[in-house]
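Take a look at the structures listed below.
Look for chain A in each of the two complexes below; its partner is chain B in the first and chain C in the second.
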Partner chain A sequence: MEAFGLLMHGFAVLLTWKTLVLMMVGLVLGIFVGVLPGLGGPNGVAILLPLTFSMDPTSAIVMLSCIYWGALFGGAITSILFNIPGEAWSVATTFDGYPMAQQGRAAEALTAAFTSSFIGSLVAVLLITFLAPMISSFALKFGPPEFFAVYLLTFCSFVGLGREAKHKTVISMSLGLLLAGVGMDTVSGQLRMTFGSGELLRGINFLVAVIGLFGISEILLTMEERLALRGHAAAISLRVVLSVWKDLPKYWVTLLRSSFIGCWLGITPGGAIAASFMGYNLAKRFSKDPEGFGKGRIEGVFAPETAAHASGTAALLPMLALGIPGSGTAAILLGGLMVWGLNPGPLLFVEHKDFVWGLIASMYLGNVVGLVLVLTTVPIFASILRVPFAAVAPMIVVSCAIGAYSIQNAMFDIWLMLGFGVVGYVFKKIGIPLAPFTLALVLGNRAEDAFRLSMIGSGGDMKVFWSNGLVGSITTLAIVLLFWPVIDKAFGSMGRLWRPAKAAG
Partner chain B sequence: MSDTEIEIVVDDPTAPEADSPAITSIRVVDVTVSLLLVALALTLGYDNWRTGIAWDATGPQAGYFPFYLSVILAGASLYGVVVAFLSRQEASETFVTRAQFRRVMQVFVPTLLFCLAMQFLGLYVASFLLIAGFMRMVGRIALWKSLLTAFLFTAIMFVTFDIAFDVIMPKGPLEAAFGY
Partner chain C sequence: MQNILKAAAALTGLLASAPAIAAWEPTKPVEIVVAAGAGGASDQMARMMQAAIQKNNLMKQPMVVSLKGGASGAEALIYMKSSEGDPNKVLIAYSLIYMLPLSAKIPFNWRELTPVSVVALDQFVLWDNAAGPKTVKEFIAAAKAASSPFKMGGTGSKREDHVLTVFMEQKTGAKFSYLPYKSGGEAATQLVGNHSESNVNNPSENLEVWRAGQVRALCVFDKERISYKTKVTETQSWNDIPTCKEEGLDIQYLMLRAMFLPGKVTPEQQAFYVDLFQKVTQTAEYKDYMEKQALKPIFLTGNDMLKFLEEDDALNKSLMTEAGFVAK
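Presenting the complex of A and B:
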């Protein structure tokens, strides 16, 4: 139970007035970001990151992760009350949440959403508490080939398991890796891909790209739609909360199943979006009354919300233990770690105990505080939507500009942000996924260093990636995942050969 | 529970019409972007080849890793050109309608002007102009509300970043007149 003692130490780090205030500020900002159209978890975290540059790393990560929890909670408010999913992962919540609100059961649906979010996160945090230290101490034995194999595994699983067209994922990823290499080469000190430009010498900053890709492009996309809305905001009374909680044990199978799906998809880079849909579909399939789904069943809110939050939280596990983010937002937090001068990776658990356990403790505390906060303040946050988008949009643009400029104090970065805004807009519309791009941009240099160091170690022999059982099995798994769609199809047709009678089903 | 309900209604006076004609299909944009990516991959690939993609005494040269990435990018984009060109589904999907495009430009052009104005006027004055102008012109919000919101927001940003958190933003003549 070493983890338990360290966790208690983490709580001790957290329980100062300053940290608690930052936590509340982060949660409120996060809910705000989650409720507003045209802003989401990754955008909010990216835009608000510069605020934390002058803080110590522990306060900074507590505030940022609370923004993230807040955004996860906030997304549910708009999906249930207005049928507008504030985030892609709350789309599945609208299926049953909005019908419930129309039937006058909005308070019930909101309570269900917040409670299940809380349960999902809690399961994932428990997993992080006990698994992350184990994985990181195991990973301390890793050399460059092992690390490169793990990076390869991350990239390959994006290609093999992603829902988008494979070549588009490959485009997004290789572009990200290429742009990460612009500027001074860290090993030889040589310049590359700068074309004589002094501005490109610094390289393309990851956070500037993220602010453009997610912040600016999201504003452009939001403007395309009709932004009128109509709905009812309901305050949640204690009576409703208690009656929902009393029924909670009846749905333990759904909750457990969704938490499991969420944790699994969060650790492997599948993301909260896939998790919420999968949670919803499985709950529907295993239900005794699948016809009732989509017409306002409370299970239809429990299932996707639990899965989305479990996955959003579990995405931080590989980030903490290995330095590999499981989601776009985790990638931005990782970018933050580097700005604060911490080196992400397994050594974090050894060298910065306060930071890691403070963060893990803040996941527990942030979720409890967040749950209470959203349950009591829903009407206030819902009325934020009264603020017209024409007022919100320019403010977001200004915040993005402040964020982009403050990272390196460079005017060039403002233009870069604008450029990435256009790129993000076009990419989203033609179906090139942005998450692999973000991930590649933040991991690019580390992946290249790992590759080059292993190549130097082996004298240029590719066999180094199969030199021992560990690295060999990771590399092989990566290649299997890369070709997973092909393998899956092959197995499927073999299955049909064996059981021709069942082929119709 | 109806006693605690609040109705929230928000209108969108300049919403794009639903029946606006399409400017272009997704296929056209997809092919164009893929071709641009091929060109980018070739440029970067050439630059890396010039930097050196071979091995020297210390290991792989600086261009080695990015060169092979350019090759992957070029391959995937070329494949993308072919797939997009043949796709019937993408040909039938609208990339953007005329009304939507007008709305997107309504944000994009002010943002562009904002970035430009920032070089000369500093961030805060440019922000004030952007917010007030956008709320008035696009949102059709009353002038005094627009000016007040813009002023308050800009002032809060100034206090938060420049004074409280010491994050220094670009400034112009106005701030200089006040001694910042």
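Presenting the complex of A and C:
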């Protein structure tokens, strides 16, 4: 119970008026940057970092982490209302969140998103509180083969468990992988597919692609169909919130599963995005009604949000314990820590107890305060839907363009975003799913690097992916998931061996 | 008291370079361009400078850190090159300015930028896992005896770490598989997790795992030992690390950390930044940072800097050619 005592000490550090005010300020700023597509957590934290230089480290990190929580909550708002994911891991939230908003259940979807974010973070914080020392040694077990196995698992679960036609998923994923290869190849140090262009050196930024694929293409589709955002802002009241909460226990399996996936992937760097997709796909797989997914099922919001936030929170653990940032925002927080003279690493937990436990306590408090804050402001955000489309659409396009530009301060990215808008429109028309494309764009590079580093290390021997229990079981699980539809069928037909196997084709 | 000191400092500065200061100063926020990812050594240094400038009121305009680490830092170089005549951008450069144009044929030449000052030199240290061989000799012997080549972690391909690895192979006859990770931090944790046998990280990149007793510093790639004698780990200071030459491995390499403005800025603008960074090197923040990260303090500007850059360029070019990393 040493952890408990230390946590109480952390709360004692936090519970001053000054810190609480900073927390509120951070949350409000965070929600604000989260709502603007493309700005998001990392940029928000980066812009506001210099404000904190004159503060003491604990106040500064409390404020910054609250900006982070605020941005996480805020990201869900645009995903659900406008189908524009603010952060990479909000992509899966749009699958069911946006249809819900279209059916006039925006308030319900937002409440579900906020609540599940809260639950996911809470589970991860509990994990951090009590298992911190053990988890940091678990993360050290991850070398290139293990990383590759995790990425493979994500890709395979997408193909094997996805609802869309398998060949379309594979086409979409392959295109994403191809585009992920543009730019500098870190393993050989050579440029690929840049065709002598200085603009393509940077590669294709994932967020630019996402803003175009989801945001711009949605505007194009809406313009084509009719000039109105489909869906009305429902009457939002405490009643809606309470009714969502009343239904919550029904989905405990989904919530628990997603929290588990989130925590597990969160402590392996870069896992938050993979987690939200995996949480969504597994919820669909084990649902009694997989067909209803993508058409506005509340579980489709619960699953990815819980997983994304569990992993977003758990991602802070390797940052603190090992100095490996698990996400873009964590990387900037890492930079902040260094400015305040705190070096993340194994000794941080020993030498700066006040700071570490203050931060962990702020995760609890920040989440509770954040949940209350966003729920009370839901009506304001949902009322955006009542504004006529002709007025909202230009604003969305402008805010998309600002978002795309500000990621790398490059005019070229705005053209790229518009290009992706057209690609997204065409994909939606011919029924190619966008999610595998974006997933490949995010994880493609890392998966490739991990694979090639494994191959360099093993001298080209594929057996390295089964060289120990950890990597072996992840790789095997990945392959099982890839062929899941076939395996599922095989088991099914074994059950009725006496009948002619008509399902074989 | 502090204000009096500041006023005195400002006055001295004014007297020393009165025409320059009166002539020009930034009128909008200054962007400090980092050619690496978040949390890396360049980023940390940029944020230290940002804090030092802000805390000591060295400049009226704020300074913002702008990360342009895309394409292994090439993004920052192209960005600086295309910002010709813009005095509100300053690049924090390291040896990539020589190496990247050679290995990846990036259309860039540092002579197109305006040099401001060299602010530090960074060391390279040979590290192994705390459970691994205890001296350079034992390490080399173990590497030679190993059935599969020892894995050497590093940052990027065909860059400083890779060059050092190739030279270690040439000098000792041992074979290494070089694993190019995305950052020095990753190379550090992969060494701790035993996924590689060694790395040649800068001191700052391995500092925390060294203090935690998870890695061992075998030798430093410099002519002389690092000067800082304060204990960093339980038993060792930076000064206790032998040079590689002392240990029979005659390889030396130091990396510059230097500030550049875009090309075609006026001499007044250049003078402002020379003065600014000179003041930065006198702040407590800078001195503290240098010692903590075991950097070698240096301040070169004007012709001294140009001479240094030309020599350093020639050296890096010959190293890259010898290692076979120059693209044809």
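Just so we're on the same page, the second predicted complex is superposed on the first by the 273 of 505 C-alpha atoms of A that agree within 3 Å, B and C clash if a C-alpha of one lies under 4 Å from a C-alpha of the other, contacts with A are read in each partner's own complex, and residues count from 1 in each chain.
Heads up, the rule we're going with is that a contact is a pair of C-beta atoms (placed from the backbone, for glycine too) under 8 Å apart; a residue touches a chain by one contact, two chains touch by 3 or more.
Source: prediction; values computed, not measured.
By the touch criterion defined above, A:Gly203 lies against chain C but remains apart from chain B after alignment on the C-alpha atoms of chain A.
Contact with chain B, but none with chain C, is seen for A:Val397 once the two complexes are overlaid on the shared chain.
Contacts of A:Leu248 after superposition on the shared chain: neither chain B nor chain C is touched.
When the shared chain is aligned, no partner comes close enough to touch A:Met24: not chain B, not chain C.
Judged by the number of chain A residues each one touches, B leads among chain B and chain C.
By the touch criterion defined above, A:Asn409 lies against chain B and chain C together after alignment on the C-alpha atoms of chain A. When the two complexes are overlaid on their common chain A, residue A:Phe451 makes contact with chain B while staying clear of chain C. Legend: residue contacts after superposition of the two complexes on their common chain; A:Phe389 is shown touching chain B, with no touch to chain C. After overlaying the two complexes on the shared chain, residue contacts for A:Ser188 are found with chain B and with chain C alike.
Of the two partner chains, chain B is the only one touched by A:Leu178; chain C is not. Common to the chain B-facing and chain C-facing surfaces of chain A are residues 50, 53-54, 185, 187-188, 190-191, 409, 456. Only residues 46, 49-50, 53-54, 139-144, 183-191, 198, 201-203, 322-325, 328, 331-332, 334-336, 338-339, 343-348, 408-409, 449, 453, 456-457, 459 of chain A touch chain C when the two sit together in their complex.
Within the complex, the chain B residues that touch chain A are 1-2, 4-12, 15-16, 18, 26, 29-30, 33-34, 37, 40, 44, 47-48, 51-52, 55, 58-66, 69-70, 72-73, 76-77, 79-80, 83, 95-96, 100, 103-104, 106-108, 110-112, 114-115, 118-119, 123, 127, 130-131, 134-135, 138-141, 149, 153-154, 157, 160-161, 165-170. The touching residues of chain C, counted against chain A in their complex, run 37-39, 43-44, 47-48, 50-51, 54-55, 62, 64-68, 70-72, 74-75, 78, 82, 103-107, 148-149, 151, 156-159, 162, 177-182, 185-186, 188-190, 192-193, 195-196, 207-209, 211-212, 214, 325, 327.
Residues 50-51, 53-54, 81-82, 104, 107, 165, 167-168, 170-171, 174-175, 177-178, 181, 185, 187-188, 190-193, 195, 216, 219-220, 223-235, 237, 240, 379, 382-383, 385-386, 388-391, 393-395, 397-399, 401-402, 405-406, 409, 411, 414-415, 418, 421-422, 425-427, 429-432, 448, 451-452, 455-456, 460 of chain A are the ones touching chain B in the complex.
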